[in-house]
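Note that the chains take the letters A, B, C, D, E, F and G in the order they are written out, and that residue 1 is the start of every chain.
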Amino acid sequence: MKAFLSNILLAFTWVAVTGLFEPINFIIGFALAYVILWMIQRSTAPSNYFSKVYQVLSFSLFFGRELVKANLRVAHDIVTPYHHMRPGVVDIPLDVQTDEEITLLANLITLTPGTLSLDVSTDRKVLYIHAMYIDHVEEFRRSIKEGLERRVMEVLR
Amino acid sequence: MQEVLYSIFMVTGAVFMCIAGLGILRMPDLFMRLSAATKASTLGVGFLLLAVAVKYPVIEIISRSLAIIVFVVLTAPIAAHMIGRAAYLSGIPLWKDSIVDRLCDRYDRCNLLLLGGENSPTSPERQDPE
Amino acid sequence: MKLLLLFPILVPFLTAIASLLAWEHRHAQRFLNVAGASALLAAAVCLFSSVWENGIHAIQLGNWPAPFGITLVADLFSASMVVLAGLVGLAVSVYSLAGMDPGRENFGYYPLLHVLLMGVCGAFLTGDIFNLYVWFEVMLIASFVLLGLGGERAQLEGTIKYVTLNLISSALFLAAIGILYGVAGTLNMADLAMHCDIIIKSGLMTAIAMLFLVAFGIKAAIFPLFFWLPASYHTPPAPVSAIFAGLLTKVGVYALIRVFTLLFVHHVQYTHSLIVILAGLTMITGVLGAAAQMQFRRILSFHIISQIGYMILGLGLFTPLALAGSIFYIAHHIIVKTNLFLVSGVVHRLRGSYELKALGGLYISHPFLAFLFLVPALSLAGIPPLSGFWGKFILAKAGLQIKEYFIVTVALFVGLLTLFSMIKIWSEVFWKESPPADHDPGEISRPISRGSLFAFLSPIAFLASLTLLIGLAPEPVISFASRAAEQLLNPEEYIRTVLGGPI
Amino acid sequence: MEVALSFVIGGLYAAGFYLVMRRNIVKLIIGLALLGHAANLLIFTMGRLTRGHPPVLHTWDTRLMPPFADPIPEALILTAIVIGFGVQAFATALIRRFYETVGSDDLDEMQSTDSLD
Amino acid sequence: MTSLILSTATRYLLPLLLLLSVHLLLRGHNEPGGGFVGGLVASAAFALYTLNAGIEKAKNIIRLDSKILISVGLIIAAGSGSFSLFFGKPFMTGMWLKENLPVIGKVGTPFLFDLGVYFVVIGVTLTIIFSLAEE
Amino acid sequence: MLLAVLSGFILALAEPGLFRMTGRKTGWLLSVFPVTLMLYFAQFTTSIASGEKLAFEYPWVSNLGVHLNFYLDGLSLLFVFLICGIGTLVFFYSGAYLTHHPELSRFYSFLLLFMASMLGLVLADNGIALFIFWELTSISSYLLIGFDHKREEARSAALQALLVTGTGGLALLAGLLLLGEAGGSLEISTLASLGDSIRLHPLYTPILLLVLAGAFTKSAQVPFHFWLPNAMEAPTPVSTYLHAATMVKAGIYLLARFTPILGGTELWMHLVLPVGGFTMLTGAYLALMHTDLKRILAYTTVSALGILTLLLGLGSTAAIQAALVLLLAHALYKGALFLVAGILDHETGTREAERLGGLLQSMPITALAAGLAALSSAGFPPFLGFVGKELMYQATLSTSQAYLLTGAAVLASASFVTAAGIVGFKPFFGKRTPFLREPHEAPFALWVGPLLLAVLGALFGLKPDLISERLIAPALSAIDAQAIFTEVVLWHGFDPKLLLSVGVFLAGITLYFGWSGIRRTLIPLDSSARWGPNQWYYASLKVLEGICRIQTRFLQSGHLHLYLLIVIMSTIVLVGSRLPEQDVLAGFWRWMDLRPYEAMLAGSILMAALMVVRSKSRLTAVVALGVVGYGVALVFLLFSAPDLAMTQFSIETLSVVLLVLVIFRLPRFKAYSTKMERTRDAAAALVSGGLFTALILAATAIEREARLVPYFAENALELARGRNVVNVILVDFRGFDTLGEITVLSVAAVGVYALLKLKAGKTGEEKSGKFLRKPP
Amino acid sequence: MNMQGLTLIIVVSLLSLAFVFAFIRMVCGPSLPDRVVALDLMSTVAIGIIGIYAIATGEPVFLDVAIILALVAFLGTIAFSYYLIRISHRENAEER
């Protein structure tokens, strides 16, 4: 996070120094700063900021694929005359702990069609979600935990 | 090329939007309408604005389109979560063919504290397929 | 000279801001209040004398030439209205020092009072029809809050009726402005006056005029649009009803006079005759309503309506003398009606009630107050040689000159009934023996300190002496009213001054 | 669209007027809000309607090139909207306070300030 | 009673929205935006925070008494209008700096006026929301 | 001259201060004032008698033609002497009569006010100035009648007098204004020279009617006479001064004054004569129906006023001369009699004729005064009353309806004789009746007045030349410039008039002895007490009150929805009345340019609005309202108003949030109104909606030039340095609007805060608290 | 008619259809959350429409409106859910 902030700050400095207040100039500055930081961090202290970038990218791809897939499934259900849903509310025990992690996970679950985060228990150990396609409760829990939750932990830790 | 791409994006987005609309109309209970609507529409908006970005590949428009996409993606799930939670709390019933409700009666309704699963191992379930 | 036009708006504005900043310092607010009101009066008097000597003033705000920016313009009519607003403002400000409870003082009474004055002065001075709407709204929102401040049940009931009907009026006003812009393409009133004749052939212009008539008619409380007034004016503390009674409806009348002398003068046969009919109905309804009441301020409230009838009568008759009569009447009424409400407040403070049945005996215990009541009360009833007589006299004379015998008869008859109501108050509140007290004695036994007494009585005495003075020496006021009426009926100077470009 | 809008505005006025004439205090407030919308749309229509040409200068222009929408009604409506919001907020607070004090949402229960006795 | 998910999201959304509001304010003279919309967006951000965290916390993060905010806004607006009086120009005549400022661009009294509007709108909206939301 | 008139007013204002210094003696001190005035006016006597007319001009309100112009001729002078002379005595008398009254000071003030007004009235040359003084006499009369204000009867009588004379006053004002229009001047002296043209003016009839209405109400002519006996609630000095000697004669003065302008026509005669005659008889009859001394005197006053009116109605020189003499005689004897009645009341505690008797021993001087005045009143020779009556008979006998008029006069005179006996003799002779307190002779201050008046009555009767040339002749010539004055003499020799007088005495004395019996027989038959104008007065007050209540109940019903309905209906009627003249559908063809998605949007807005209307749930209505708001924002967006759309979206959301914040505390919707009410309201709403649609269609069909727009398009960037023209308008071109607008917002915020924080009942001591922080 | 025009017509029709569907749900309810969700969807559709409109008119300034709409629609939904919870809480409290 710190690295990101310094990156932005540097980008601003670049813009100020060049005196060219245009978005494109800022992006140039940002890229420059990124490179600079990458070089600095190599030499000074280890940081996962740069490896994170790759993780985020790959996570985004995964999520995008899931998103489209799930959307199509729901869409099929919507446009065809018969309902194939087996909906219900399921509790997912959580391994993620921080606020950010829980929130990200919950939002991603919500963003995926067919599932909807309803609530988190007060002790933050259980996430309750509404799902449209539950063939088997345990299996469903596992798919969430091993799919999204694992990847969220990967990205944020 | 650009023409084709943005047309595809546009139509895709519009189709998803339409599906979202159909979903909210056709789904049998609130939670499924919510599921269907929020996501499809988020995706739809995403495609539509991508189309805008592709159509006018100048930085101002691209940045604005992306900002809108990011913003929608950030907020839509939270809104859906909040309204779903509120609906559940205010007793909107699940569809009659729902197979499981693990949240039912987990609320300490006096204080609106939600109990975790482990704390109430004997929680009743509406129907359990297992 | 530029500043003179601006001060009546800026001074109360700055006073309000300063009071807002001094939110937790009641005494600072009290001081600011009186200082601000005095400054406003001084500014208004300067403006008036300058207009009197140098003719109509106009400034182009933002240095944009008219009609593109907003023009402030003061002719004799509006300048005199500003002076009256200053007078009433100062009187009520001083009176409030004693007549307002600390609770309301702590919750923004003084800033609201000055915003109200700002709105009123803004409405008088603006030369732009939409800007007029804005100042109306400033005035209205301040009056909404002042009316509801304190939140007693009666206040809330009154406020809801007041708010609703006035908002309807605002919606109609806005629509009227919109349509006017839609057909004339401009907002500056002088510019509108130049371009309204493009479309005079159509019934649309009359329809727009009628829309304005309804919108301003609600604010002015004419028949049959007055319901909000008797429902609400008797509910807030006395200083609030006093300033309402003095100023608010008059802004509506001002606006009516302004647009029906400047803009809608193409179908006088229809529009102004209609105004005469409405004036008659307004007078009668108001005075009959008052006669049915048995509460001090309710009687006064209904009489406002009745007097509004006189004010628009002059407009409807539409001769120089009649219009002068209207202007004279407005000036007279502002002073007198404010004063009567102030007196009612003192009575309430002394006896803890506004109900005539529960009051009495003040003639013996407070002869000076009784005298101070009698002056405005008889003036309101048009007893010579007090100010009200001259107003009625001019209007009657103007009406007879153009052979409107019926309406003059109505006006004179209404004067008699006004006398009846005033005498009823006099008889019940002052002459009658005080009935045995059945209300909270704590309220009554609270003695009035010397300072409070001064704050209570000095504005009343001041306004009463003005009433007497105007009555005994009406000539200057009449000649100013005639000149103001001349200006209104011959708007060329107004238009030239406004559109003449930046000064 | 001017014709269609004139009917929309008429409909909004009708709905607003109908609602303010209800005895329920909430309906009153909602009716006032509808009237506000109606008035704003009316002014908007009076500026005549222009599709897709906001009165904003392009970076390459030094003056507004026609066609463009009339900016004046827009500015007026903006003012009116904001004023309407303030007034509406006050009215909302007022009905809350009214209900707390009077204990009813029926406007016909507020007769005391008009009663003759 | 509040949702963990919402409160976490709000922590990130609040600064974002405030930045957006300032952005709208700054460029309002040249593109859609301006003091009103800017102020409203800022208010919306605080409203979101209030819904999530409650009035007390919201009052804490804003720190400034909203009455002061209103007064300051009014003073800025009145002051920007009166500025031209010192140069013998009518009230509210636009006075501009010759040099452009970075990011903001051209600076003149109309911009200051818009700034006053911005503050007033925030102060007003917050006052209203807090008053109405309180029990 | 101005000082002479105004000094009374000034003195009235200064009197409380004087009273503080001199206390109870103020009355005697004040009586110096009218004496001074009298002396001042006496200096003009000679020149007036020589036919001069003195005009004094004081410009006042020149732009209305209202001036304080005074005009002194014989008529004014006669009245001035009455006013000052009797005024002196009344002040003198009051000091003793009201010695211990706590409000004596105010009494003097009011009396001075009255005196000054009366002086002004008779001296004013300007019609409006006359009216002003006229009204002032009404007001001071009101204050004096209600002097004993703790009593309901006094207040009600005062109000009655004020309303009756006030109504007449208004008529007079209208008449004077019309006269001003007809004659082109408000100066009576000028108008008098235009008499012929005015009598031919088309407005003559209304003018005459209005002026007469003023005169008749003031002078208590039937059917307006009832206020005068009721006004006897006033302290006796007041009755003496106002209701016998001066104020009631203002109407007579008016008739006399306007005779040269309006008099001498058929109409005049046909109006004035019968009213006077009828009043004369009514007063005479009613005087005998009462036992209260003051009431008897009041009714004989009514009768006397009737006689004066009748004589002025006749308008012949003889009649006018008779009227003038009778006027003076009446003032003298009636003043004295009232003062005597006051003394009796003061000393015995009663004014009931039937309970008074045998007081001669204890009150000899009073009895003397009473006797002399009564004889004059009865028309015995050699008193002035006799002289007047003789002149009256002479006037009536020379008319074409001599029998009728003379007969009526005789009847009235007989009643006068009886009344004189009841008031002037009965209390002092006969059996001594028991009283609550032992009566003594009144103090000097009380008896000197009546005695002086009575003696003057005798003196002028014996030596009419004292007044004949100096007072009566100039007064006559003031009324009728052509009149040939015949010397007033006591003795005309043996002629029919004397015979009439003798007959009158006999009838009167007979009546006196049969009085009680007759009264008791007649009273049950007399329906005038039940159906007389006094009852009409009260009935009309009741009717008025009823009308007021019905009207107020109907209009100010307390139902907000009815108020709104009326307002909406008025809008429809007023705005819609002239709209059909416009070709509303001229631009209707433009519906063609509608695009499908726009139609959808328009339809959505309408549907949502309908949903708002029909919704049975609060929150649903709010959601639908949100849809309407968003729809409107989309309209803004589609038609090139991005700023508006942004603002509308934000504000709509905030409004909805605020509404929800409040609404969820309120109860669910209930159906309050009936189906019929809903149908009615819906009809009104739909018509008004249609009206607006029509207005918009009509307005948009007009080709107009948007004159302001090019300027903004040209200069937004150049001069105002902004590309967003809307924003430039908001902060620069029309920044002043925005200043007002943020003020509105600020006030709304303060309002919401104060409304919710400041609770009733805690208003007194609660500290303000802060906007945001918790109170410490 | 060129391809762009055709595409636009298709897209606008689809979006309109979505809007109408959402509108019907808003009208039919049955519960308040249903309407709120429908309103939310309508806002999202509106954002899409604004995007398309910006393309069709070539005026990117309209995109700014979309940002605002996204923000405020979100806030509205949050407010509704907040008060739904409050209401159910209150009703529970009353039941006790």
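Here is the rule we use: a residue touches a chain if its C-beta (ideal position, glycine included) is under 8 Å from a C-beta of that chain, and two chains touch if they have at least 3 such contacts.
By chain, with names taken from UniProt: A, C, D, G = Cation:proton antiporter; B = Na+/H+ antiporter subunit G; E = Na(+)/H(+) antiporter subunit B; F = Na(+)/H(+) antiporter subunit A.
This one's a predicted model, so the numbers in the text were calculated from it and none came from an experiment.
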Handout entry: Intersection of contact partners for subunit E and subunit F
Key = C, D, G
Practice task
Look at the interfaces C-D and D-E and say which one is made up of more C-beta pairs in contact.
Solution key: C-D
Completion exercise
Greatest Cα-centre separation from subunit G belongs to chain F
Exercise for the section: Among all other chains, pick the one whose mean CA position is farthest from the mean CA position of subunit D. Expected result: F
Handout entry: Approximate Å spacing (C-alpha centroids) for the pair subunit F, subunit G
Key = 69
Exercise for the section: Could you please state the distance in Å, as a whole number, between where the Cα atoms of subunit C are centred and where those of subunit E are centred? Expected result: 36
Practice task
Can you check how far apart subunit D and subunit G are, centre to centre, with Cα atoms defining each centre and the answer in Å?
Solution key: 21
Exercise for the section: Indicate the whole-number Å distance between the mean C-alpha point of subunit A and the mean C-alpha point of subunit D. Expected result: 42
Completion exercise
Shared-interface residues of subunit A (touching two or more other chains) are 106-107, 117, 119-120, 124
Handout entry: Residues of subunit G whose C-beta touches two or more other chains
Key = 19-20, 36, 53, 61-62, 64-65, 67-68, 71-73, 75, 78-80, 82, 85, 87, 89
Fill in the blank from the handout: Among subunit C residues, those touching two or more other chains are 13, 20, 23, 61-62, 130, 134, 137, 141, 144-145, 148, 151-153, 160-161, 164, 168, 175, 179, 182, 187, 230-231, 292-293
Problem - Each pair of chains that touches, named by its two labels - result: A-B, A-E, B-E, B-G, C-D, C-E, C-F, D-E, D-F, D-G, E-F, E-G, F-G
Problem - Touch list for subunit D against partner subunit G, complex - result: 51-54, 56
Fill in the blank from the handout: Residue positions on subunit G within touch of subunit D in the complex are 53, 56-59, 61-62
Exercise for the section: Would you pull the subunit A residues touching subunit E in the complex into a rising list? Expected result: 16, 19, 21, 99-100, 102-103, 106-107, 117, 119-120, 124
Completion exercise
Interface with subunit E, subunit C side, in the complex: residues 2-3, 6, 10, 13-14, 17, 20-21, 23, 59-63, 502
Completion exercise
subunit B residues touching subunit G in their complex are 3, 6-7, 10-11, 13-15, 17-18, 20-22, 24-25, 30, 33-34, 37-38, 41-42, 44-45, 48-49, 51-52, 55-56, 60-61, 64-65, 67-68, 71-72, 75-76, 78-79, 82-87, 89-92, 109-110, 112
